[in-house]
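Each in structure tokens, the structures are laid out below.
Each of the next two complexes has chain A plus one other chain: chain B in the first, chain C in the second.
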Partner chain A sequence: MIPFHRRARLAAAFLAVLTGAVVVPVTAAHGPDPVLGGGLFAQNQSLEFRWRAGSEPPTAIRTAIRAAADDIGDTRASKAATFLYDSAGANPIGYGPGATCGVNGLACFTRSAPSGFTMWLREQGHVFDWGTLRWCQMYTTAPNGCYDAETITLDEFGHVEILGHHVNYSDDRDYEDAVVQTFSRTKPNDGWNMHVLGRCDVATLQREYDVVSWSTPYSTCLDLDTALTLSANPTAIAYGGTMTLTASLKVVDRDAYDRLGGNPVSNRVVRLQRRTLATTTWVDAGTMAAGASGSYALTVSLTRSSEFRAIFSTPSAEGLNGDTSPTVAVSVSACPAPCPMSAAR
Partner chain B sequence: MRQRRSRLRLVPTRLVPILALALAGCTTSSGGTGSDGPLPPSAATTPSPSPTVGAATVAPSPSVIVGPTAGDVPPDARLASEGGEPVTGELGTFIWGDGGSDSPWLPGARLHVGAGERLTLTLSPAIGTVGWRTQYTRAGATDPTGARSLGSGTGDVVLTAPGKGHWTLAIAVDFADGLGSANYFWRLEVG
Partner chain C sequence: MVESRWFRRAGPGIVAIGALALVASATLAARDRPWVPPPCPGEVTTGSRQPGSGAWFRIDPQLEAGERRAQRLLVGVTGRVRPRAMTLDPESFAAGPFGGRILVGTDDGVASSLFVLDPAAGCRAGIGTTSDVIRRATLSPTGDAVLEFRVHRRTRADLGVWRRSLRDPQDVLRVLPPIGPDGRFGPTWSTEFAWSGDGRALAVQSCGETACRTRVLDLVDGSVREVADPDLGELVGLDRERVVVRAACRGLPCSLYAVAIADGRRTLLGEAGAAVVTADSAGRAWAVFERDPLGGLRSIRLDGSAATDLPGDPSGLRLIAPASRSGSATDVVTGWVVLGPDGRLPPEGPYGPRFRRVPDGPALPFEEVSR
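Right, the complex of A and B next:
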């Protein structure tokens, strides 16, 4: 998990300029993608793009660009901006020799959130110092060494959102954790045709734009602590009476978590445990029913005063850390005569 | 749920690099590469080798520095051995200002050095850096698979040339003040 204290960073950067001090880099290997400078788009903002007049892509590349726009929408798992082709769109995407990319650039972008972006792809056959550009989509059977235009465009859309290049492990074993990569791969190398955002792309988009709903799984590239609380209502009942335990599960509210801090966490598995007062062994009391906004409830009937706790176990499929609630005590009044010989239920 | 923390807007985003470059010209640096003196006059503009989307403007006075605009590129990076002629690296993938460009792993600009020689990087125009990393592969590689490091750090970029052979060396530089980052490539011919 990489903390991004952007305000502090900007302030530090400004002070560094004034004082000549050095700012420590904020990227580290294998975490959520770093973020670019500049602002964010609005949550779920729709960014309509058009083909740049005079630099329209050929049909195969248009299809790839539109597919990449769909890829973002389908896999962002967040309220990041979406991209949609519209012939009257405000954001031009060009193709060809007019590209303003770096001299060795396959593709490039500019972003000025929240107002818009531009994008360019070099043309098929462009001759660089390093070789001749081949887009896989321009062939019936894509040859080895070609670049997948959909993957490259997805990378550029990621930049437009706010994503910087993922910092891989030194041996690149986590390459496919992000499509926003410093060096794109050619066919047939692993990751050459990624048509979904990687989990570390999604992690940053979630942190910057928030999750779609409280039920949305958090990217496994995140490492978020949760806070589980528990309350009883009522806290004192008659012998054999019923009461309801209600748990509330949230992401811990930390600055480093950006928009995710304090989020309710809904529709997960939260278990309730009980122990009779003055004993030490916890026994399972059942799975709590998921309610709205990260709440979970279970109604129980008691014949003995007891303590309860709720448990959210660390899930394997998302980037949340489990938590155990503080203990809640419930007192049960004495059994009225004639009292049956009963153990706690 | 949590409101997005507001981004501190000390100056408009596009002016941050302008301010940085301007101030870099009148301050000294304790660790940044090549920030020990005033910017040379040539740093007043950042020329682009290709057409630009946003037109660069000429500084109306020596005190105003033109920062990145769409189509602008990061500074040149020159690598030299002791006493040797510096060679400008090939610019690869970069993020600069409000934009960026994605490139492959490049073959690199040819540089003849001796095994174990000390190599020093300079940026032109000189701007502050906050970190750098290196990777090198055998010359002819088309990606960094199997690359090894020649070092990394946060101050001046000073390396020791690898052993005899032909290598592609990539140096990634993170610029100060959120200006971005860039990758530069050389083909080291180590004799």
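Right, the complex of A and C next:
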């Protein structure tokens, strides 16, 4: 039963889920995990869990559950909620008798974001039509055919966050891109013991909860367009004078990007290119120094009027698409006599 | 009902005190002394399925060092028979109650046995034994046959649904073939039965790890229709035209749909916690489900009409889902749903749980409507 002091909060939370609940929307294969309905927890919210009285997991399973909580904290790459064992925690995790999981599945959960959650794991020896459930953690040497309790709990924590089951390619070649999966795998099949979130799990957590900082790499399961702008200061200088070009790199602000839209993108490689006015060939002017909040700057000295552009090349290790800034023209006044270059002409 | 009206006005306190005392002693007794029921006299038959007997059961895994070693079955009759406890094999189940009787299956690793418990009479009637594994069984509406879902003992392959006559033990016939493989659902994790309110249609649901397929067998014309949509999950109940199922969720709340058996058309009934399908006094089917975390209920016709919201139970009791989810069941009078602590019948039986009438929601203690 729910204590009285939690009911008001739960009521408010449940109202939020009435429009969505735990429904898997149609999603293209291999994209970020779909999301469940029911709202989000606060960014970086700490969700303390306890063992459900009368349904405490055995020691080996407790260890696996705690490890899964650490796994999600270590690999979320976002401001998603974290999970922490606390004997006085508000969120019960139960094992075996009393599990109200329905007829199928290894584990189940309820979520009432932002108030809390519950979770159940089936007991070792639970019998399904296909046979008897074995948790790998219950053995000194885990037998083939067992399920890894840490992996399954990580999947459940992912659900609690907001993640729906990843939609795989038809041949499942991307199975290990997500730990939150419709079909769980047993030892020794690929992915049976994933102890980190997959990149498509992380993608959705980033989209829903935002990245940890502007420097955090974006999951390669994302496909985010960026916008690079460039400005010059000043835009007119004397012959041989210096000026600073400043670029600003952001994620394009689109509704589909949720919290990521408009994010500054810091500490990436942004290169500056230059061409003399009335020419067509761009030449490299150098790498711009990364500053705060997605800004990049480079100071140059000019003797001819020029155009500049900044380039952010599509990185191979994160889910950002490169961009090239519009050109910026800088005018340079005529060379004062004696002009050092005039003799060469 | 008539004889209990005085009780309704004057007796709640007495009931509470008396029930507590009875519960305490009965629970202790049930836990301490395994029940070994004697054979029921006469023919092995279960009679009619007239509801409202007050019979109930609850089944729980028994763990040692975190591993299931057995299941404990508690049975009783509210207000008349104290809880009695039996120990079953780890692979076992209970179904019903059917007209005051509970159908039990248990598998000892060599053979599966089926028997009927009559908690009011305090006896047991054996039905049969097979070398296959009987995973689930249910009683026919006429009370003269049992329908069994079996798997192969070694391979665990689906062997289909079998009808076993209670009058002639040799009369055993397969009425549904094994369900075919379908990668969208994966291996079958569980198979459950549910009856339409009029007893004409039997739903046989085969669930993969998340999504489920439902075959509806019409016992009158023998037709079988299938609802196989990987977006759909656990069966809640049915009437002649629709099955009520959850979306293929692993958690709650979860969308609840009425799906037309004929063409698969869905009607969203709501976002639901626990849910049941019941009938009103006119025999019309209603879905009743928890619509908020406080246990507030909504009743709604299966065509999506006549939604009515009812407040949560002030003492925190929750809607008791079908036995496949709650591991407990009682013989409910048509038109009522049952509320219990944590959405289950407590181990001492339905002392304390309350009934709510569908669709308008008046609440009564169990004793008021169970006979």
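Points to keep in mind about this one:
The rule is short, and it goes like this: the second predicted complex is superposed on the first by the 316 of 345 C-alpha atoms of A that agree within 3 Å, B and C clash if a C-alpha of one lies under 4 Å from a C-alpha of the other, contacts with A are read in each partner's own complex, and residues count from 1 in each chain.
Convention: a residue touches a chain if its C-beta (ideal position, glycine included) is under 8 Å from a C-beta of that chain, and two chains touch if they have at least 3 such contacts.
Since this is a predicted model, take the numbers as computed values, not measurements.
After overlaying the two complexes on the shared chain, residue contacts for A:Gly261 are found with chain B alone; chain C is out of touch. Applying the stated contact rule after C-alpha superposition, one finds that A:Asp253 touches chain B and leaves chain C untouched. Residue contacts after overlaying the shared chain place A:Leu40 against chain B, while chain C stays out of touching range.
In the superposition on chain A, A:Ser112 makes contact with both chain B and chain C. By the touch criterion stated above, A:Asn189 is placed in contact with chain B alone, chain C being left untouched.
By the touch criterion stated above, A:Gly96 is placed in contact with chain C alone, chain B being left untouched. In the superposition on chain A, A:Cys339 makes contact with neither chain B nor chain C. In the overlay built on the shared chain, the residue A:Ile152 is in contact with chain B alone; chain C does not reach it. Contacts of chain A with chain B, set against its contacts with chain C after fitting on chain A, overlap at residues 7, 10-11, 13-14, 17-24, 36-38, 98, 100-112, 129-130, 156, 159, 165, 182-184.
Across the complex, chain A is touched by residues 1-8, 10, 13, 16, 19-20, 23-24, 27-32, 35, 48-54, 70-71, 73, 90-95, 97-107, 128, 130-131, 142-147, 149, 154-155, 172, 174, 176-181, 183 of chain B. Residues 60-63, 65-69, 90-91, 135, 151, 156, 158, 186-192, 205-212, 231, 233-234, 246-255, 270-274, 291-294, 316, 318, 321, 324-327, 341-344 of chain C are the ones that touch chain A when the two sit in their complex. Remark: chain A residues 1-2, 7, 10-11, 13-15, 17-24, 36-38, 57-61, 95-98, 100-112, 115, 123-132, 138, 156, 159-160, 165, 182-184 touch chain C in the complex. By the touch criterion stated above, chain A contacts chain B in their complex at residues 6-7, 9-11, 13-14, 16-25, 27, 36-40, 98-112, 118, 129-130, 145, 152, 155-156, 159, 164-165, 170-172, 182-186, 189, 208, 210, 253, 255, 257-264.
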